[in-house]
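Next up, some structures in structure tokens.
Consider the two complexes below, in which chain A is the common component and chain B and chain C are the respective partners.
Presenting the complex of A and B:
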């Protein structure tokens, strides 16, 4: 039996080492790492599908004095999100750096982030979860701080302050889990069995600490204000992984605590209300934006709030929908950021008022952006449609007709987005094709993401077969 | 002939012998011209002592010698680590110190002081050790040049005050612990005098360990001294103070909590730790001189170690005390982090790069320095997978399981605050700016690489250090002639 999980977690380290040796081939090494990552994840996926066993676990000795092992495990959620992150990282490595600036640093950070994401989704105990969480935060910090655009310093500050605050809360929650489990374990499966026997106050503290930490990361109103700055100032690759993968860390954590901690029941209604408010708040915020990257960044808040709403239904359908929603949103938002990055690179312009009809000049980019809007608003044949159906079916069964309310935030968001794309992409048409500079690798990035969106939209049973039991 | 010395005892002479040679050679070298010879001899002896001490730590035996000293894994591990730290300081200073021979002689006195404190089985030994460390450091500052008079005098005076308070505290303790041995004091009768003695000990040791009310000298002296001595002050001196604090408060006064139910030691350490962390971190937020910023940062780091000591007091049994184990781990981890950071600062100050503004665009001038300093700072801020995170995890988890959850929370909030000023430095370093490329000196690069290797390797696999730290903590517990509850 090959230690497939360990290989998936640790292989980026080899590419990082290769990176240090060669400063010239940064881009090629990052691409190789992304391809190898996707291949390994597909192999894992193939193994899971053919054996029907979604819960693969691997344990290696790590810090024996503390009883902490190097536990790795797969769950439905981790498989789906791992697949998503591999696809996004491949697209980012391929087309994300269209201007070819500071390629070595950019590729290095991308592989570092890949290490964090793979480790986080596969970690079987909270110690590893925290370690990979922070790796996944530090890499984007430098993607903003070193590679970002004009306001990158302020944005990266805001980002790191929010995220480190989140990880401080997470760490304290983890320490509480460590000292209140009878065997002093951080293993997620063992902790899940121990929660119900802890004192109620401790359970509440753990739940709230972890909830707020994940809430900052997702993000949910009122702790969302780092996101628009960070996502709009990061490099294109940075925006793709931030929006596509980093926000899913929080979603993954939410699924984890809502499915294992019995105390979640007493909070779920309030949390549902909060996420509905958050979705509408962000949908209205979008209408005040004029920067195309900020608009895409705000759609992330809307979508993640709706996903949080689905998780807080605490039904099997809702959780499955949330997971599918994260998959669909991750891929589509990465696609839109890739397109937005190309627009910025081609026209040196991010303000929607000044774009003035780019659809003739940049055909591929415009239509890909349109496809992204289709996907996040849940048009049939895209993965977003499946996600919306599952989420709102779950919400209907949990909250009755009130469960449908957040759907209108998606409608609001969609209405404004169609308005934007019509006015600044498909009307006026003052731009000419001579301005289009994007090359084949960028288009390859588009097609990978678009293909993934359609595959998961038209053939949802590929993944839905996994969803008999969530987590 | 009968064997008159066991193998283990011989090992102690393998440490004490080079130490003696070091002192002798230091004195001889003052009358000798060759700097290189002095450097080679000093570093070789330090390396031999360090290796022998690490070997002693792995043996797991425990025996006393000369009546006031005791060799076991605790002394072996800490002396080995600190002797290695001294070696790093020696490498840093080579070729950059005006009076290297005098410097080396004083360094040998520091090594002697470290030896006395880590191997101490008696409070007298600790007193002698602390005194010789702090006084020789004061003169080391002077040996670096005439312009360093002010920090030297400050350090000298504070060392004198610390010694006076320490002696008085010792005098108050003697009725309960007439042998002045490093064993839990047998507590009967008046608690008041013993409590006073405890507070005075905490005060005297806070001066060296940069605990809150007595650490206002730290930023001035750290900033005023040359970078290599600052590395010594932050890496060795402060650690010696913390080790002494661990031995005295967590061993001698452990019975105070257990027999009388008084939580004075734990509460006292709680207050000192809280204020030290907040003072260091909040003051560091507004600094514009990087060396001063790191001085405040190292104050806050001492606060984290005090969290472990407070937890150790609260746990109140010596065997299996996770607080002591975490403190030992973090003392060694922080020594490497801070020596690495001050090595870089030492090199930059020779290029006249001192303030935060001077640091801007450093990554364009020397990428290696910018990246290494960032990694060391991230480690100090407690970002995984670096050693600072492993240490803080141990400290705070020992605090939570020891019943000091509030202190753990304060500590976590403080590490969160600290990320802000570390991010400020990183922000400046990675600004895009044109500048002349700088070539790093070989001896600085060696020290930085060693520290980085430690920070990354032990961070990824903390068991390397945690195993020895655990056995060191249990060796400290075995000083105990009788068991407490």
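Presenting the complex of A and C:
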């Protein structure tokens, strides 16, 4: 039996080591790491599909004096998110760094983030979850602080303050879990069984601590304001992994607590209301933006709020829809950030007022951005549509007709996005680029993401077959 | 096995993608149009085979697309009578449009994109016409919206198309979301997307949830079918290439809303309120459409408003619970409106892309084009025995039960005859006045591929009349009558036939007096025209709505800034506490001693004070 989970979690470390030896071939090594990552994840999927068993666990001795093991496990949610993150990282490694600036650092950070993401999605206990969470936060911090654009310093500190605050809350929650489980364990599966026997106050504290931590990460109004700054100031690769994968850490955590903690029932209605407000709030905020990356960043808040709304329904349909929604959103938003990065690189301009009629100079980029808009508004045959159906059917069965309300935030968001595309991309004024040359690797990045979007949209049954138990 | 519905889709789908691939070089791009035309012909052939088969046996095709837990989501295709009618219309019209495009879209470097988008549109249209459930319908529905958006904005380098495309997609997006909401509400209640299963499960029910679901579906239908207050996008959509206007925005796509309401009519019929909404919205739309058509000077926008009026008439018929009348008008309207727009396209082409009817000159010495346009215009005006007469008569006959509706419809008939002949007479009058050699030459050498479809459509209009008069079939192709009889038997009121003819002739005469002899009315800015040509200020109202939304967004932004500042201040406060406490940790002995002394003094003072 191959220790496949351990390999998936730890193999990026080997590439990190290789990175230290060779400063010249950073980009190639990152690409190799991404390809190996996707191959391993596909192999894992193959095993899961052939055996029909989504719950693989591996345990290795770690800190035995505290009763903490190196527990790894898969669930449907972790498999799906792992697949998504591998695809995004591959696209980012391929096309994310058009300007070829500071390739070594950028590639290093990408592999570091890959380590964090793989570890987080596969971790079987809260100790590992916390460690990989922080690795996943540190890597993007440097993607903003070192590789970002003009306001990178402020944005990166804002990002790290919010995220460290979130991990502090997470740590408190984990400590509470550790002290109140009868066997003093951090294993997620064992903790899940112990929650119901804890005192009500402790359950509430744990739930609220973890909820706020994940809520900052997702992000949900009113703790969202780190996101537009961080996403717009990061490097292209940084924006892709931040928006595509890092926000899903929070979503994954939410799925975890909402499916295992019985106390969540008493809060679900309030949380649903909060996330509905958050979706509309962000949809209105989009209308005041003029920076193309900030616009895409705000769509993330809308979509993640809708996903939070679906999670808070606590129905099978809603949770499955939320998971599918995270998959769809991760891919489509990474695609849009990749396109936005190409625009910034080609035209040296991010303000939609100054970008006029760029579609002739950047054809592939314009159509990819348009496809991204279609995907986030839930066009059938893209993955977003399947997610919308499942999420809102869950919401309807949980909240009755009120459940359909957040769907209309997509109208506000979509209307503005079409305004953007017809003002800046397909417009009557022609703007030619100094260098209207798009790398073949960039196009390969587009193709991978677009292909994934259509595969999961046209053939949803590949994944939905695994969706019996989400966590 | 040739009766599988997928065969009707495949040729066009393949043709579209091959046409896109043809765009890689200029030499191969020349082949794109023929490949797309071949695809359209193939799809039509398979559709007609399917129809011939379906007349013997109506059957539904079902496949599970994906399933989750106990819920399975099925793609359903069906060939119920209404499906057959739309499929036949699309099968007839789509090859004609592809043929017409060969002549109209003669510029290089845009053809492979055009034929790709047009083929995808036709695929969506065929899929829509065969849909037997919400899931299939919605895939096609969104396909229509997206391809329509791309085609309206096809010439995005020009001045108006980007804004027009944006108006269209925004309206359509709103409708799509309402439609999605409606179908999810219905699924939540009945656990299925299939139309027939929903109708079976809902029979006799009249709950509020069902009504809200249907109302959402109806709003979706209103946006697609350009009903008040969502009608403005259709006139703007005329910025697209003319084949697109003739195909999407007059004869097929805009009727998707009517189509879906007819498919679900057994459900709607249970709710009197919804029927009233249809009737009132339909009447308002009809009147607005007719009056705007009378005042517009853009040769295609006259026809666009005329389409708005036609769609309104269909909803009036549905609101009167007269599905049959709506269905007949649905069939009739497709051919004459496609013909009229093609005719407008030839005028635009001959007059160097001018679109103002007061500048255009019509037809030169090309009698074929003129005859075709006359047949179409007479049919629009509802003159016996052309197809439009029967369509209008079907609606007017059912409206006799309601005096007010009947009066409005008769007035609209009068205005219709007037504006359509204004549309014909003004350019013909210009022709007498200023005959340009170049324009006449262009008419004389008009490409065959643009003339032939018009002749075929004019012939179909005549064939329809023959079919009705001699065989009692409501169909263009003899021997292939889709099942209109499934909707009941029509009784024409002879009196309203007389009234309609009289009104139509009166409208034509007035148009002749005002526009052929003198051609002055509505040419200049007058108060009446100002009001009419502003589209009853619907666009202005939208402008204010947009401003209100943006102002609200501005408010939210201010709130967000304040929230951000509050969080920042809070964080700052924590830092300040830190720096205050910092003093105690510096290891400065003087401060420590001073603090000790102060504390001691305080304790002593406290003790003394207590005493």
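FYI, the second predicted complex is superposed on the first by the 467 of 471 C-alpha atoms of A that agree within 3 Å, B and C clash if a C-alpha of one lies under 4 Å from a C-alpha of the other, contacts with A are read in each partner's own complex, and residues count from 1 in each chain.
Here is the rule we use: contacts are C-beta pairs under 8 Å (C-beta built on N, C-alpha and C of every residue); 3 or more make two chains touch, one makes a residue touch a chain.
What you see is a predicted model, and the numbers here were worked out from it, not measured in a lab.
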{"item": "Partner chain in contact with A:161 - chain B first, chain C second, else both or neither", "value": "both"}
{"item": "Which of chain B and chain C A:428 touches, first, second, both or neither", "value": "second"}
{"item": "Which of chain B and chain C A:464 touches, first, second, both or neither", "value": "second"}
{"item": "Partner chain in contact with A:153 - chain B first, chain C second, else both or neither", "value": "first"}
{"item": "Contacts of A:195 with chain B and chain C, given as first, second, both or neither", "value": "neither"}
{"item": "Partner chain(s) touched by A:214 [first = chain B, second = chain C, both, neither]", "value": "neither"}
{"item": "Touched partner set for A:252, first chain B, second chain C, both or neither", "value": "neither"}
{"item": "Greater chain A contact set [chain C / chain B]", "value": "C"}
{"item": "Which of chain B and chain C A:184 touches, first, second, both or neither", "value": "first"}
{"item": "Intersection of chain A interface sets (partners chain B, chain C)", "value": "161"}
{"item": "Residues on chain C engaged by chain A in the complex (per definition of touch)", "value": "65-69, 71, 73, 138-139, 142-143, 146, 149, 153, 156-159, 161-163, 165-166, 169-170, 173-174, 176-177, 180-181, 184-185, 187-188, 209, 212, 549-550, 552-554, 556-557, 560, 563-564, 567, 571"}
{"item": "Touching residues on chain A, where the partner in the complex is chain C", "value": "161, 222-223, 225, 281, 284-285, 287-288, 316-317, 320, 357, 359-360, 374, 377-381, 386, 388-390, 392-393, 396-397, 400-401, 404, 407-408, 410-412, 414-415, 418-419, 422-423, 426-428, 430, 460-461, 464, 467-468"}
{"item": "Chain B partner contacts - residues on chain A that touch it in the complex", "value": "62-66, 127, 130-131, 134-135, 138, 142, 145-146, 153, 156-157, 160-161, 164-165, 168, 171-172, 175-176, 178-179, 184"}
{"item": "Residue numbers on chain B that touch chain A, as the complex places them", "value": "325, 378, 381, 383-385, 389, 393-394, 396-397, 400-401, 405, 408-409, 412-413, 415-416, 419-420, 423, 426-427, 430, 461-463, 466-467, 470"}
